[in-house]
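The two complexes that follow have subunit A in common; it is paired with subunit B in the first and with subunit C in the second.
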Partner chain A sequence: MKPVYINSVASISAQRTFDNSVFLDDIIAYTDNVIRVVDPNYKEFIPPAAARRMAKGIKMGVTASKIALQEAGLENVDAIITGTGLGCIADSEKFVSSIIDDNEEYLTPTSFIQSTHNTVAGQIALGIGCKGYNFTYVHSSISFESALLDAKLQLENEEAQNILVGGVDELADHHIKIHKLVNHIKVDVVNSKGLLESGTEGAVFGEGASFFMLSNEKRENTYAEVLDVTTYNSLSEQELPNTLRSFLQENNLEIADVDIVVMGNNGDVNYDKYYDTLSHELLKNTSQTYYKHLCGEFNTASSFGTWMAAKMIKTQHVPKAIKLRGVQPSEIRTVLLYNQYRGENHSLVLLRRC
Partner chain B sequence: MGKGVAITGMGIISAIGNDVQENYSSLIESKKGISRISKINTVHRDALMVGEIDFTNKELEQFLGLDANHNYSRSALLGAFAAKQAISNANITNTNSYKTGLVSATTVGGMDKTEQYYYEYFENKEVQKYIEGHHAGDSTQKIAEQLGIHGSLVTTISTACSSAANAILFGARLLKAGKLDRVIVGGTDGLSKFTLNGFKTLMIQSDTYNTPFDENRKGLNLGEAAAFLVLESDDVVLNEGKDVLAYVKGWGNANDAFHQTASSDHGDGATLAMQKALKVAGLESNEIDYINAHGTATPNNDLSEGRAFLRVFRDKVPDFSSTKAYTGHTLAAAGGIEAVFSVLALQNNVIFPNLNFKNPMKEFHLKPQTELKKKKLHTVLSNSLGFGGNCSTLIFSKEA
Partner chain C sequence: MEALKEELKSKIIEQLNLEDVSVDEIADDDPLFGEGLGLDSIDALELIVMLDKDYGIKLADPKEGKKIFESIGTMADYITLHKTK
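Moving on, here comes the complex of A and B:
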């Protein structure tokens, strides 16, 4: 089995992350319950005529994929695998509301076409003329991890050499409004810095796209090795510590081998206890970081976490804004990521310096 | 290449039957499931024909024993119904006795509820429970719960009309890689106003019975369905003394990279997908005994797929037929129900007729099999081609 490497990264998020030369040096603090991405200049990546027709998710996904391709020095890839919880949901909403408002008359196909979950992966393929394997996973908070696992299996077995993997989700009006109704979005605005101390239910919703070039060939600019990816449809808080222990064991690691843990806390008082369990017990001596105060919560937010972990390993630096507990280790060698959403769809990912 | 992946159970619900046996009977008796829309309140009722499942949501709820507070979409109900059949067909009583996962596929997810309560959400607290059920992964989470799968790999694929074929493909790779011992794979899609209207805007829906590969084809009929297969590792098959129904022998996915919704005229993606699958299966093109075509009966698909047949098989295109005239195009479920049909063809040594075909297309002389044909079958190739240029091929075989 060949090892699998992250050879380039790209992230469009609520922070200025699209510029790979910096790493969360200047943080944008928000006081809100919904936060949107800082747009790069899409015109640099997509012809304006095409961009005008594109859904936000497509624009973010295509641009992030181009940054990742550029950094890896590649023009094409063997496969494109994306994860998205909701696809281009603004177009889904547009089409549904037109169906209702106009009683199924006068509809046009654009928003229907873009609402298809695999539109971003399809558009990336179309853009670079990639006739290879093209998959889209749509399973809530493990959408991105499913894509990562798929790519890892193919690269290990040498079915492919370079695979573009990404997570992308966009915000949309109706989506926001109905999630406010059921308190999945916090009722009150919170300041980013105080997210984990909000003590209220729900999350601050966000959006974004993070893409990676995965390869079974190590390069000079390689960020990290992807050691393992595992997902769990359900887990109780009680089961989590043992699940984590056996996950590490399967990789011949112990808790003490983990230099940094990247956790998906989103400040939801009902579900952050999963993280707290680890934070105060099993991982209490491990350096802990978090990120959803920077990018918001969305189904593929963990792709931002993965971007952050890869950057930490490459730069051997932990930006101040993401520190949660513990002191920075002398070397950042092994990074563990843990994420879940509303108590379901948990994921454990291991990255290692190489 | 290596051995195939064992299929040890199947479950299905479609417009031509509520279980495997009923579907098989309809297939050999040429019984179509295409009719006018009865369960969706749409202005297009008289302009479209669809493949609708007989069961109402109420009946499915009762079968699954759900209480009044449930928030299952139709896709979740159909999926759970079919997946439970598959498990029982594979004689599995405890899903956690082996490392068991679930890979499902859907395109509409909980859209039926979203379109029903889109504005009512703001006025009626009682329907707000469906908000959580909108996303595509929700139906899969519910199916996993119904099957008792806990703490395991459960995921969803959505690649338009090739979704379930891709779920089978990924499941097969997970078993081969030793990530799981057993995986339930397939797809589910209920009918919705969203898809009925969406395909209407693309002007590729027929107002009458769909006629795959016919010169005068007018487009597709949408359908609803769910189908799941149980795939098990060689070790499980051996330890449990399992009967193997057939094997997933080859798989391939490729992208047409031509247009967001249309296939290329020359079927580049479909050609590549079939070639990849043959390679994985270690088979030559002349070793395919029957093709269950995607054959949606849209002008574009059938031309593109037919040309791809000619590129892969040249002057020796095997017997082929599309079963879309029976079931309609069931979108994310299509690759799943056609996998069940492919296994049934292998088990019974029979090729199902391509209904409603009259005249060959002017671009080539390909003629689908139009009568039920008894023939010793060893291998069946099944295509699923979708939006985003997504093309998938699965090869099923009798022997490993």
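Moving on, here comes the complex of A and C:
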């Protein structure tokens, strides 16, 4: 089996991450319970005729994919695999609202056409003329990891050489409204710097798109090797430590071999205990980082975490804003990512310096 | 008639998300499809729905659309003659 490398990265988030020449140098702090992305100039990446039918999520995904392609020096790929929890929810809301508002009459095609979950992957393929494998995984907070796993398997087995993998989710009005109603979004606004100390239920919702060029060929500008990816639909707090230990053992690693852990804490007092269990016990001697105070919570927020991990490995630097506990190791060689949302759909990802 | 033309220009810009186009930039006889505004078949469907929803005009024969949607001027003429609301 061939190893799998991350050869380029791109992220559009609530921070100025679309510029790959910097790495979380200047942090934007938010005091809100919903945070939106910092938009790049989409016109630089998408022709106006195509952009006019695209909702925000599609623009984010297409633009992030183009940044990743540019950085990798590629014009086309063998496959495009995306993960999304809610797909093009803004267009879905628009379409369904017009059905209701116009009493099932006067339905226009654009929002319907653009509302499918595979729209982002489809638009990327149309833009670059990629006729290869095109797939979108929709599985709550493990949507991105499912896409990553698919790409990893294909590259290991030499079914493809270069695969564009990404996670994308957008915010939309009705989506925000209903999640506020059920307190999945925090009732009170929170300052992002104090997210983990909020002591309240729910999360600060966000949006974003992070894309990666995965390849089974190492290049000069390679960020990291993707060692392993695994997902669990359900996992109890009690099972978590042993599951993590077994995951590392399968990769011939022990806890002490992990230089940094990237955790998906979102400040929800009901579910952050999963992270706290690791943080104060199994991983208490490991350098810990977190990221959802920077990008918000969304189904593919872990793709932002993966972007952050790849950048840390490449730059050998841990930005101050993401440090949670512990000191920065002298070398960032092995990075472990752990994420879950509301106690379900857990993921473990291992990246290694190469 | 002039007011209707201005209204159509605004509606087309808004409905079809022509972000970089202003009302002043669309001449009454500019072709809407092809070399003019560059609209396509999906836009044609949007325009057919707009005629129905805003002016109560149902196009029984889609082939009619080719002439009606030639320009803002031809659209305004057709709407003036056939509108029911």
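What we mean here is this: the second predicted complex is superposed on the first by the 354 of 354 C-alpha atoms of A that agree within 3 Å, B and C clash if a C-alpha of one lies under 4 Å from a C-alpha of the other, contacts with A are read in each partner's own complex, and residues count from 1 in each chain.
Keep this in mind: a residue touches a chain if its C-beta (ideal position, glycine included) is under 8 Å from a C-beta of that chain, and two chains touch if they have at least 3 such contacts.
Computed from a predicted structure; not experimentally measured.
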Practice task
Mind checking the superposed model to see whether subunit B and subunit C fit together on subunit A or clash?
Solution key: fit
Practice task
Return first, second, both or neither, reflecting whether A:253 touches subunit B, subunit C, both chains, or no partner chain.
Solution key: neither
Exercise for the section: Applying the touch criterion given at the start, work out whether A:48 contacts subunit B, subunit C, both or neither, answering first, second, both or neither. Expected result: second
Practice task
Determine, under the contact definition given at the top, whether A:87 touches first (subunit B), second (subunit C), both, or neither.
Solution key: first
Practice task
Answer with first, second, both or neither: which of subunit B and subunit C does A:4 touch in the superposed model?
Solution key: neither
Problem - Touched partner set for A:232, first subunit B, second subunit C, both or neither - result: first
Exercise for the section: Check whether subunit B or subunit C contacts more residues of subunit A in the superposed model. Expected result: B
Exercise for the section: In the overlay, answer first, second, both or neither for which of subunit B and subunit C A:108 touches. Expected result: both
Handout entry: Following superposition on chain A: angle at subunit A, subunit B versus subunit C, Cα, nearest 10°
Key = 70
Completion exercise
Taking every C-alpha pair between subunit B and subunit C in the superposed model, the minimum, in Å, is 9
Exercise for the section: Under the contact definition given at the top, report the residues of subunit A touching subunit B in one complex and subunit C in the other. Expected result: 105, 107-109, 113
Exercise for the section: Spell out the part of subunit A that touches subunit C in their complex, as residue ranges. Expected result: 48-49, 51-53, 102, 105-110, 113
Handout entry: subunit A contact footprint on subunit C (complex, rising order)
Key = 15-20, 38, 42, 45-46, 49, 52-53
Fill in the blank from the handout: subunit A contacts subunit B in the complex at 80, 85-87, 92, 95-97, 99-100, 103-105, 107-109, 112-113, 115-119, 121-123, 125-126, 129-140, 142-143, 146, 149-150, 153-154, 156-157, 174, 177-179, 181-182, 184, 230-235, 239, 243, 299, 344-345
Exercise for the section: Show which residues of subunit B lie in contact with subunit A when the two form their complex. Expected result: 42-44, 102, 106-107, 109, 111, 114-115, 118-119, 121-122, 128, 131-132, 134-138, 140-141, 144-145, 149-160, 166, 170, 173-174, 177, 179, 193-194, 197-198, 200-202, 253-261, 268-269, 272, 386-390
